[in-house]
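My structure is below; once you've seen it, I'll send some questions.
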Amino acid sequence: MPENSAKFRNRKSGIRKVRRVAHHVVLIILAAFWIFPVYVLLVDSLKSTQGVLTTPILLPASSSLNSLISTFQVLMGQFFNSVVIAVGTAAISTFVGAMAAYYFYRVSSRINDVIFTIIAIATFIPFEVTAVPLDKLLITIGLFNSIPGLIFSFLIFFLPTGALLMSIFIAVLPKLTIESARIDGANDWTIFSKVVIPLTYPGLISTFIFILIETWNNFFIPLVATSTPNVSTVSLSLLSYTGGYGVLYNDSFAAALVASIFPLLIFVFLGRYFVRGLMAMGTGSKG
Amino acid sequence: MRISKTIIFSIPALIFGGILIYFLLWNLFYSFTNWSPINSNYKIVGFATYAGIFASQHFQSTLTRTLMWTGGMFLAGNGMGIVFASLIFFLKNPRLRTIYSSLFLYPLAIAMSAVAIIWSWIYSPSEGIDTLLKYAGLPTFGFISNSAQALPSLILITIWVYSGLASVFYLAAFQNVSSDSIESARMDSAGPIVILRKILLPEAKNAFIVSSALLIIFSLRIFTIPYVSTGINPKTETSVLYLFNFFTYGYYAQAAAVSIIVIVIAIIVVIPYALFGIKRWINA
Amino acid sequence: MVNIKIGNVSKEFVKKKSTTKALEDIDLEIASGEFFGILGSSGSGKTTLMRIIAGLEVPTIGSVTFDDTIVSKDNKINVEVEDRNVGMVFQNWALYPHLTNYENIAFPLRVQRLNQGEISKRVREIADLLDIRAVLGKKPREASGGQQQRVAYARALVKNPSLLLLDEPFSNLDATIKDVARRYTREIQKKLGFTAIIVSHDPADIFSLSNRVGVINKSRIVQVGKPIDVYSAPATVEVARATGEYNILKVELKEEGNAFSANAGEDFVVPIENNVEINGSMAKSGILGFRPDEVIIYPISEKDVEVPKGFMECGTAEVAISSYSQGSFRVNLNLNHQDNSFFCLNNTPFPPGEKVKVFIKAGSPCIFDPDTNKIIPSFH
């Protein structure tokens, strides 16, 4: 019955068209909801004081860079602290984590499995629970309220994370490659630096980016480990920009933009590495 | 032997991992004491501190809020994650797929304190959504300034932040389903909803485990959003804020005991997940 | 140029709760400068044995001695891989994908911190010897399989190892270049004089290269000897199969006067030269084994066929199918019992169902004990 089947196909394609349109409409609406806070962030951090006084945050107004510039000048010190701390923590965690991962990869034993499992579980513990002992430890070793103290504190959380992530990424290396390096007479350090590091490059970047973003955005650890603004990070500094009565919202949004621009740009340009780190963290896959 | 030299490689990570374990044990020890500003010469009191905390109405309400938050994140995070993942999965254009995936994930890359600031302005009765609703003559919500809505409003923010996380795992699971079974379903003229229900979701069990575990763990550690947008506030105080409050005022034994309670909850969540995940981490 | 003694080595792998024995009671001595082959199927333990010699695994019990030094003993490694001066060529060559071929070859020398000039001189020397100068600047994956393999050789040899280990080095090569590779392997070994051990499942590797061979089956060394001796007088059916293609038939052993024979049904009787005894009395049944290339067949329709010289007439069989393989036809034959079949090689195919006369080379068949699969030695 050729006519019959042709009609049938027609009806189907009509449904399909409606479905396709609905599919895109739903996606666009959801995307609009998700992008909305960034719209607000950009529009309002660029508002002039005049605009702030005449429009609510959801509506655009004449723009000016004044508030962004002045806020950045205020937060420059903290911004720089954040760069140093985040890059330092991410670099050390990735590299030292990779070393540990190399060890766990090279030497497999029951005890190592247990140690590794404990560390892996510990990295998922909410870090708020360490507030008191962290505070006490930092005061005891004299690192409280200092940049090195902050990096040290972050390393406690992110070095195990680095080891966990790198263990996942290192596992793709064929064991034979390492064995052939041993036969070639290479010691552990040579194998690690000349063979393992170059061959796990993408995994290293993923781990680095993941920890970089996590460290930059962390609020709680600087809150516990510091007490003065000069060693504070930019994400902690936002605390003084919450919507009290003295604050104009353009300054508040400008501060939020200053605090977010660094990880946001990294996400835009190197997001796939961040996602790969996330996937590895969640499922142990090297995606 | 060489193996013993290789151990050097693990030592720095083990030291820092060890400190983390030490912190947990520290909490365990001091939770059995009565260390506080009035008892700076603390002594071991057994479970007395725990008993006091469990009996306190204040703690019970924070724990309820924490569990509501966890439940909300678990339900809405998984739900939105599945919605995003399936909408993205059925897109044919790979560029659009990438763009939408990033679009739903980017909140994770923004500092939580910035998120809190942005949303507290959005929720502001004098400048935010409510202002527009008032202009339009519509009823207003109140959001964080309304005591009944403060907590759900904050939970909504974290759903905005974390749904993309869940969608990453669901999308990965969907993409792992063999295209043969999807194509053969298409030939049986199954629509996308049927394909989703009968083929994709049953294959996404692992994604469900992973995203549930991560959503729950992340919701347990949520601190910045309530702390920055509402401060330590009886309407929105969760267990970790409660614990932080004890810490600020020097009630270390109480802080330690609440810590242990949170750790136990976290471990209860992590262990089934670990049984699923760590085997792969190790044997990966 | 090192002498290797493997003393009573056993290896167990413990995984979860189960223990697998990979090697049991291995005793071997490999002379300095010898080219020794280890032949076995996959899972036989041959690779484990090689890894123990290399130092990548430790023997659970027993010892490995290089010249007079015990390099590992009873679950303890005394001399690590790095210090054994061993070169190894892996099955998939395990080249470093991120380094150029030049840097791959130079790697062992860089590890020794030789100066740039010395490294360059030695890399070029070995590259000339192996004819891979043209690919030195390329990455391994940009070179052909044969070239990659020679890069792997160069990397293994550039440090003048006293022992070269070859782990199935030809199995990833195209058939056409396998023989070329075998030839230069032999030539280099003769020229440089190192001790070499090759592990393979392919008897062709062993026959073309090694002075002696050890056949390993189910974790044990079953037979050690010159390849040709092992080939013609295999100790067990497994050795016979490991060393080349082999036919086995279930037979009844008969004694008539001074004549002995192995009967596989009425139509197929193979005369054997001597009686075969188990525990001092004539065996009743056994396994008859012979090589397919020691069989000649003629169609039964062809009259007046003379018994070919040096062969003996054994009876008739029916062609099941003929197939083509490597330059000749492989003719599968059934005896009247369906469960007894064998094959031989012939220049022309036969149609299925055709009856043929079968001749087997005199003196070549062996008789094995049906219970143990071990050869039953003949008595005069």
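Every chain is named by a letter (A, B and C) in the order it is written, and numbering of its residues begins at 1.
Throughout what follows, a contact is a pair of C-beta atoms (placed from the backbone, for glycine too) under 8 Å apart; a residue touches a chain by one contact, two chains touch by 3 or more.
Here the structure is a predicted model, which means the values were calculated and not measured.
Student: Please identify the chain with the largest separation between its CA centroid and the CA centroid of subunit A.
Tutor: C
Student: Find me the chain with the mean Cα position closest to the mean of all the protein Cα atoms on display.
Tutor: Centroid comparison flags A as closest.
Student: Distance between subunit A and subunit C based on Cα centroids, please, to the nearest Å.
Tutor: 56
Student: Can you check how far apart subunit A and subunit B are, centre to centre, with Cα atoms defining each centre and the answer in Å?
Tutor: 15
Student: Just how far, in Å, is the C-alpha centre of subunit C from the one of subunit B?
Tutor: 60
Student: Mind pulling the residue numbers of subunit C that touch at least two other chains?
Tutor: Counting only residues that touch two or more other chains, subunit C contributes 80, 82.
Student: Enumerate the residues of subunit A that touch no fewer than two other chains.
Tutor: 187
Student: Provide the list of subunit B residues touching at least two other chains, using ranges where the numbers run on.
Tutor: Residues 2 of subunit B each touch two or more of the other chains.
Student: Can you check the complex and tell me which residues of subunit B touch subunit A?
Tutor: Within the complex, subunit B contacts subunit A at residues 2-3, 5-10, 12-14, 16-17, 19-24, 26-27, 30, 83-84, 87-88, 90-91, 100-122, 124, 127-129, 131-132, 160, 164-165, 168-169, 172, 189, 191-192, 206, 210-211, 214, 217, 220-221, 223-224, 227-229, 240, 243-244, 247, 252, 255-256, 259-260, 262-263, 266-267, 270-271, 274, 277-278, 280-282, 284.
Student: Residues of subunit C touching subunit A in their complex?
Tutor: 54, 56, 80-83, 85-88, 90, 92, 94, 96-98, 107-108, 111-112, 155-156, 159
Student: Can you check the complex and tell me which residues of subunit A touch subunit C?
Tutor: Per the touch definition, subunit A meets subunit C at residues 174, 176-177, 179-187, 190, 194-195, 198-199.
Student: Flag every residue of subunit A that touches subunit B in the complex, lowest number first.
Tutor: Counting only subunit A, the residues touching subunit B are 12, 19, 23, 26-27, 30-31, 33-35, 37-38, 40-41, 44, 56-59, 96-97, 99-100, 102-104, 106-107, 113, 115-137, 155-157, 159-160, 162-164, 167-168, 171, 187-188, 192, 213, 216-217, 219-220, 224, 234-236, 238-239, 241-243, 249, 252-253, 255-257, 259-260, 263-264, 266-268, 271, 274-275, 278-279, 281-287.
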